[in-house]
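Let me begin by handing over the structure; questions about it come next.
We call the chains A, B, C, D, E and F, going by the order they appear; numbering starts again at 1 in every chain.
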Amino acid sequence: MRIVVLNVNTTAEMTAVIGRSAELAAAAGTEIIAIEPVWGPESVESYYDSFISAAAMLQRLLQLTDPFDALIWAGFGERGHEAAQELFDAPVIDITHAAAATACLIGRRYGIVTTLPRSIALIEDNLTTAGLLGRCAAIRATGVGPLDLDRDPEQTAQRFLLEARRCIDAGADVICLGCAGMAGIERRITEELGAPVVDGVAAAVKLAEACVTLGLRTSKIGPLAPPLDKPRRGWPIAAITSG
Amino acid sequence: MRIVVLNVNTTAEMTAVIGRSAELAAAAGTEIIAIEPVWGPESVESYYDSFISAAAMLQRLLQLTDPFDALIWAGFGERGHEAAQELFDAPVIDITHAAAATACLIGRRYGIVTTLPRSIALIEDNLTTAGLLGRCAAIRATGVGPLDLDRDPEQTAQRFLLEARRCIDAGADVICLGCAGMAGIERRITEELGAPVVDGVAAAVKLAEACVTLGLRTSKIGPLAPPLDKPRRGWPIAAITSG
Amino acid sequence: MRIVVLNVNTTAEMTAVIGRSAELAAAAGTEIIAIEPVWGPESVESYYDSFISAAAMLQRLLQLTDPFDALIWAGFGERGHEAAQELFDAPVIDITHAAAATACLIGRRYGIVTTLPRSIALIEDNLTTAGLLGRCAAIRATGVGPLDLDRDPEQTAQRFLLEARRCIDAGADVICLGCAGMAGIERRITEELGAPVVDGVAAAVKLAEACVTLGLRTSKIGPLAPPLDKPRRGWPIAAITSG
Amino acid sequence: MRIVVLNVNTTAEMTAVIGRSAELAAAAGTEIIAIEPVWGPESVESYYDSFISAAAMLQRLLQLTDPFDALIWAGFGERGHEAAQELFDAPVIDITHAAAATACLIGRRYGIVTTLPRSIALIEDNLTTAGLLGRCAAIRATGVGPLDLDRDPEQTAQRFLLEARRCIDAGADVICLGCAGMAGIERRITEELGAPVVDGVAAAVKLAEACVTLGLRTSKIGPLAPPLDKPRRGWPIAAITSG
Amino acid sequence: MRIVVLNVNTTAEMTAVIGRSAELAAAAGTEIIAIEPVWGPESVESYYDSFISAAAMLQRLLQLTDPFDALIWAGFGERGHEAAQELFDAPVIDITHAAAATACLIGRRYGIVTTLPRSIALIEDNLTTAGLLGRCAAIRATGVGPLDLDRDPEQTAQRFLLEARRCIDAGADVICLGCAGMAGIERRITEELGAPVVDGVAAAVKLAEACVTLGLRTSKIGPLAPPLDKPRRGWPIAAITSG
Amino acid sequence: MRIVVLNVNTTAEMTAVIGRSAELAAAAGTEIIAIEPVWGPESVESYYDSFISAAAMLQRLLQLTDPFDALIWAGFGERGHEAAQELFDAPVIDITHAAAATACLIGRRYGIVTTLPRSIALIEDNLTTAGLLGRCAAIRATGVGPLDLDRDPEQTAQRFLLEARRCIDAGADVICLGCAGMAGIERRITEELGAPVVDGVAAAVKLAEACVTLGLRTSKIGPLAPPLDKPRRGWPIAAITSG
């Protein structure tokens, strides 16, 4: 089984981190292909970046030549997975949904710890349209941007622990990580706070494998049918020659 | 990995059917142990039966001597999985939740086709407390009871197809089977109506495997903590000598 | 008029307390028959206990030989009243619903003060499926278990007053007692905090009398119709010989 | 116990009908005082009439000289009961809430059959702010105005039966009468359709008696506290000399 | 274009303040006619006052002899605008709705700062029936009554700033003023807290102009059709001779 | 005042139609600048097209050199307006929100008539995140694509009338046009069905003018603050040389 993991941003180091998370979660026969868009922001924490990335991610998908069995939309709280669902029969798993749905299996309410406060709105919108916000106890931000997570690892970890604890105080008994790239934080939250921690990328890999094994593909009888064939001027974007 | 699949009713034939569904969905290294309660109704389509079964299922779990990695609560729209979550660290997956959560991954809205009209209320209640009703387009009943599915297989199939179509007319693009034991109906719904079909037992097996592989266990820091140790007069039920 | 008050647990002292509350509330011609299940937990503060009790309560109802006019399901936030509704034409009143519905008549938002924090989830689920959570401002727990209420009465009272005040700070102007057996606490909350206090058992008695006087019986044209006649192996439980 | 039943309109014949309904429901020691406003519309089926009536009803309450124990706000889906709650410590029961809350005790979902289609919006608004709409399956109108119910009694009854049946088709298992003055219709709906029928006035009498017996009075620690003492020019309306 | 701005209370000074706000917001060709009811309370902060005012406002409208193009219902969180919608084809804009709808155009969530705590319930009810509460982050009260705003202007301003800040802490990025008559407070909130501030009267003028320019008039095919022609005893109120 | 109207698709004829609608609605001193993206689909009726367009629209905005006072996001039910809100202080009005908010001012419930059935999902998502779906009675599609509206104008008009009538049957008393380019249909719906009709572009112009006149600008203290300054590889798209 081949699962494409599509990073939301253009930072290859982040793609590598996400890819490793995916590989750790993957079953023996699962091949992970971690990629990122050719153009777009190096990190995403705004509607502006999220919408640019959505188009860049869609373009990246058009360039895939080898078949794949499932696709993971690897941006927490980001836009655009429905468009990828339209493009392919293969299941498309948004990591936000994967995290929330999995968290609901092992607890009563979940909390999310993300990076910057402004990302909270994007995550809320994502979960609202997905119908998955009902069991969310809190979404909280550490204030540490996605590319700064490694700057002072211990301080970052302390921030995560603090906000995870606040989620628990608000009624969560499971924590979802609202970002990638924080190696080891899951273990610490579980050890220090007792709460299970769900990583969206890992969860998405398992849900993707589940759909593929069960022979489930994206429904084409409703709004996720293939886009109409029509002129789209200048699309896909022709040549991105320099970074 | 050992997954216990606990049938909601005492009909061993149904346990066997569910067990086969689970085995078909299971990964190579997964062992399925399909069991049913020792006492309780032979089929469940009322609150009364559902509450009797819930206690009988809990008692059956107390008799398990070998360890297991996950538990599947195999009654569609039934009561009691939270109690099993309290009893064990191992993940407990309600097949209703598994079906709904999986359906949401591959479509926009799901419909459920169940057996008797009175089961609709139980399913609604189950999904309401789980926070998963938001993307449910319709729950419809064929009028064929769970133990009568095989009486006239073609007529039963026609009834399922009719109600699945009505779910689609109501906005569903994915169908969940709200019962077990209808061999072949999934394929026919997909072939004749174009909609993917989710079987709750199969989906639950994959979600259970996912949790186990990811090392996720039921949270014990909130309301799913182990029950208090205390006198429970006459519990577990001592001797059920005859049927 | 004969009203059966069915205690959720097997502690006869608690049954007596509940019975007295019911009798104090009852009209002149109302006879209160307070009973408890033969088997099951001595107190209920978990899903596990709640589901065991539900079955035990149902069994206890099957043993009733004399007719009755209404039934009170006397466990705050517990499971199973719908099953009793299926069994009888006589109205079945869940004390949780009675408390919430009555509180809404005399205030804008109600708060609930219960015993242990883990009970909050059960109460929330109960009120969510009943459609009565919308005007609930807060559910708070004292941390004093149902069988420990009398251990240090003044401290218990202080805990209740503290959490009632927190409910008021959260917007409640009426308090519901989320447990039985706290003699005198209602008066103190009203005197010290000014809020009316609703006891679920007392409220349920009045609502039961209301239904009976109005000739209203549980509807049998929908999901609360009598359970199907069918084999239920080992049910009702044969002989509980020792406690 | 003295219960004032305040008719929403100025039609004395309707007051008499409502008064008789209330007396039939009242307990032995309950005195019913049925009154109507001195000014205002002869029937109410619009926001305009409802708001005029609300003020006229409030004025009528100011003229009460004898004490009373509870007040019934007898307009189905009408405005203003919160203002009466502010004026008095005695419980104030809106018949819309009484009907809906009582219906929820004996069924899973209720339907409402009212007079004119435009009243549906008022009823919806009333139940929405009361937090009681969640278990309403349908609100339907017969098209027969409140003062025309007696014009062709059999045709009126047929219209009620038709719309009650449509409520049942929409999922209701209990019917609430959304108007007064239809003698005998309750019995016919129950006999022909099998559904219990709740009359709001009768239900309100029992809920009022319940509150009084339990010593529950309107909470004064929140938004239902007495109105501030202040100049209100020309209020209450001085002299309504002719009709 | 002629826009009538109908103050909710009988205080002419407040009418003048509201009129000036409206004139400042009005387009060049818009004539503002600011009026108040002839009878009713001098300020409104309770259901009681709100329902008296609603009838008095309706009566005042019946006395209008000159045609007008739109009507502004100038009481924040008050009752009765639907009745005025029934009476006229001209658009009727409730200032509560105008403030909330406008705030949603320029921010993600809005907060409301009003006068007395008891007004919060009225505002919530108003926005709930209007379907506009979803993006409200908080409603907070300064504790300064509507007629006391000028008593100590700096202290009043500090109270407003404090509560506006608390709204922002609760997630609001726009502030709505839940009262009239606080000259200059908008500018201070924006300068000191950075949040845009919406005044309901000003917003209502622009929305009224918008509807008129677009040729949009209140729909008469649904529940806002003209009230039925019928006897309304003593209405409109005949002679209010003294204040 | 300068208002930029940004068409969601690259079809210049559609831009011209939208521009004329905007000009007809605009006040005397308002200049309308109607533009379209340089790249992207010629029409939008899928998530795929909507997300491509969102990025193309954002890029088009970066190319604007002259200042403007407000921006209209002219795609019904489309994605991306929040990103534009982040980019500018000037108000950004999504025509979906403008239509819904305006419809709520003149009726109780609104219906939407759009082009293709698959657009319904996009419109629902748009209104759900905007918190404006509560008063939507129905969203219905004519089956006539946005570029085929002029193919058989009378048949198109009949389809619109049919679906508008179905919205009214579902409880709407106001109709919103869920597309642009259907000259004359508004007048026919109003004449034949009696319902006011709201055009989102026209409504957006008035709401934009309202915000500008009131000095209201997009809030920058919350999630709509300017995007962070950071590398965005290949963005904006360099050279789109041919269509």
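Keep this in mind: contacts are C-beta pairs under 8 Å (C-beta built on N, C-alpha and C of every residue); 3 or more make two chains touch, one makes a residue touch a chain.
Quick caveat: nothing in here was measured; it's all calculated off a predicted structure.
*Asks:* In terms of touching chains, how many steps apart are chain A and chain F, taking the shortest path?
*Replies:* Graph distance in the chain contact network comes out at 1.
*Asks:* Have a look at B-C, C-D or A-B and name the one that copies the A-F interface, over half of its contact pairs being the same.
*Replies:* B-C
*Asks:* So chain B and chain C: same face meeting same face, with over half the numbers shared, or different?
*Replies:* same
*Asks:* From the C-alpha centres, identify the chain that is farthest from chain F.
*Replies:* The chain lying farthest from chain F is C.
*Asks:* Need the CA-centroid distance for the pair chain A / chain E, whole Å please.
*Replies:* 44
*Asks:* What is the distance, in whole Å, between the centres of chain D and chain E, each centre taken as the mean of its C-alpha atoms?
*Replies:* Each chain reduced to its C-alpha mean, chain D and chain E end up 29 Å apart.
*Asks:* Could you work out how far the Cα centre of chain C sits from that of chain F, in whole Å?
*Replies:* Going by mean C-alpha positions, chain C sits 53 Å from chain F.
*Asks:* Hey, what residues on chain F touch two or more of the other chains?
*Replies:* As it turns out, chain F has residues touching two or more other chains at 108, 121, 222-224.
*Asks:* Once you've mapped the touching chain pairs, tell me: line, ring, star, complete or other?
*Replies:* Graph shape here is a ring: one loop, exactly two partners per chain.
*Asks:* Using the touch rule from the top, order the ring's chains starting at chain C and going via chain D.
*Replies:* Listed round the ring from chain C, with chain D adjacent next, the chains are C, D, E, F, A, B.
*Asks:* If we count contacts the way the header does, which residues on chain C are in touch with chain D in the complex?
*Replies:* 25, 27, 91, 93, 97, 101-102, 104-109, 130-132, 134-135, 168, 171-174, 193-196, 198-199, 202-203, 206-207, 209-211, 213-214, 216-224
*Asks:* Under the definition above, what is the set of chain C residues touching chain B in their complex?
*Replies:* Answer in residue numbers: 10, 38-43, 45-52, 54-56, 58, 79-80, 82-83, 85-87, 117-118, 120-122, 125, 128-129, 145, 222-225, 227-228, 230-235, 237-238, 240-243.
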